[in-house]
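All remarks here apply to the structure that follows.
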Amino acid sequence: MAIEKKLFRDGPYADLFCQGVRVGDTLYMAGQVGTDETGAAPDDLVGQMKCAYAHVETVLAEFGATMDNVVDETWFVTDIDDTMAKVGDLFAARGEIYGKKPEVAQTLVQVVALVDPSFKIEIKCVAVL
Amino acid sequence: MAIEKKLFRDGPYADLFCQGVRVGDTLYMAGQVGTDETGAAPDDLVGQMKCAYAHVETVLAEFGATMDNVVDETWFVTDIDDTMAKVGDLFAARGEIYGKKPEVAQTLVQVVALVDPSFKIEIKCVAVL
Amino acid sequence: MAIEKKLFRDGPYADLFCQGVRVGDTLYMAGQVGTDETGAAPDDLVGQMKCAYAHVETVLAEFGATMDNVVDETWFVTDIDDTMAKVGDLFAARGEIYGKKPEVAQTLVQVVALVDPSFKIEIKCVAVL
């Protein structure tokens, strides 16, 4: 029962999982964290969010897609109080990234931790192409 | 690469995300919390669960769907001990909402917090139409 | 708006949810925990991970599928430090289960707890057939 997958592998864990797997019209994406070009994460949540979406856009671009293709996102944050305190800044910056009122479903929960203690947010998206 | 999305926006965050996004036959839904018609959440978990599913049904109805269309649900709860202590009541009430043995996959985890400290449960569903 | 679901019910909660729900080409799977044939979970994380994937394979097999069909997985773990300390062993064992470089997207977060205090990991997969 072979299915045709299109894969995008990248980053230090490229042998372990894919950043994106497309099957049919659906693109399943790995959760993206807020690392910058040096591999470190900015101290602030808004900065990390921007970096995470930059990774999302990189994955999308590998499949010829853009933020318009995202249909669902789950935010895993490590500090909901900080998130809600900055919700205006966060969603303003996110709105600029989407370039319109985001046409996506969203779920937002606080987890205990992400894979590195410096990470404050991980964004898992599903896109349709 | 334009895709055709059907959107349902509602509630105080309607500019920020959609309660439901349909593409093709799949309906991605935002996580639903247990607020009642006043916008507040009942004190008890079973009451919040019922409210959350009422929101799920509202979103489904916007797309001409019912609980029969739900295929996958993830429960994010803030107190697994309370959840398991009330598991009989919870699943009895949920069974009434589904009106049959639920034909859905389920995942249940305890997170640290949801977007408001009063929220005890958030239910994220995927439906197929 | 009837949709055709193929269901796999199993285990003590078979009346409450399905281990797998197939609609069209997509198989939505319940989160799988690391119980062994006795219903108990091994003490160690690597052992639990292997048991969880064994359940994943059981669900897949019910639909005529294998690990090759998995496109997305979310790991909910209860101790990220323990997870990262054992990441080499975990991913080596997982690589053997997949039998190749896993062609899946992955998300990994630490939650507070799973449905039983003995559970250290829950793996939620989506497969395409």
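Chains: A, B and C, in written order; residue numbering restarts at 1 for each.
In this text, a contact is a pair of C-beta atoms (placed from the backbone, for glycine too) under 8 Å apart; a residue touches a chain by one contact, two chains touch by 3 or more.
Values in this document were obtained by computation on a predicted structure and should not be read as measured data.
*Asks:* Think of each chain as a node with edges to the chains it touches; is that a line, ring, star, complete or other?
*Replies:* If you draw each chain as a dot and join those that touch, every dot ends up joined to every other.
*Asks:* Taking all residue numbers used at the subunit B/subunit C interface, answer same if over half belong to both copies and different if under half do.
*Replies:* different
*Asks:* Report the inter-centroid distance (CA atoms only) between subunit B and subunit C in whole Å.
*Replies:* It comes to 22 Å between the two C-alpha centres.
*Asks:* Which residues of subunit B are in contact with two or more other chains?
*Replies:* Residues 26, 111-112 of subunit B touch two or more partner chains.
*Asks:* Report the residues of subunit C in contact with subunit A in the complex, numbered from low to high.
*Replies:* Checking each residue of subunit C against subunit A gives 25-26, 64-66, 68-69, 71-74, 80, 84, 91, 94-95, 101-112, 126, 128-129.
*Asks:* Of all residues in subunit B, which touch subunit A in the complex?
*Replies:* So the residues of subunit B touching subunit A come out as 1-3, 5, 7, 9, 15-21, 23-24, 26, 28-31, 76, 111-115, 122, 124.
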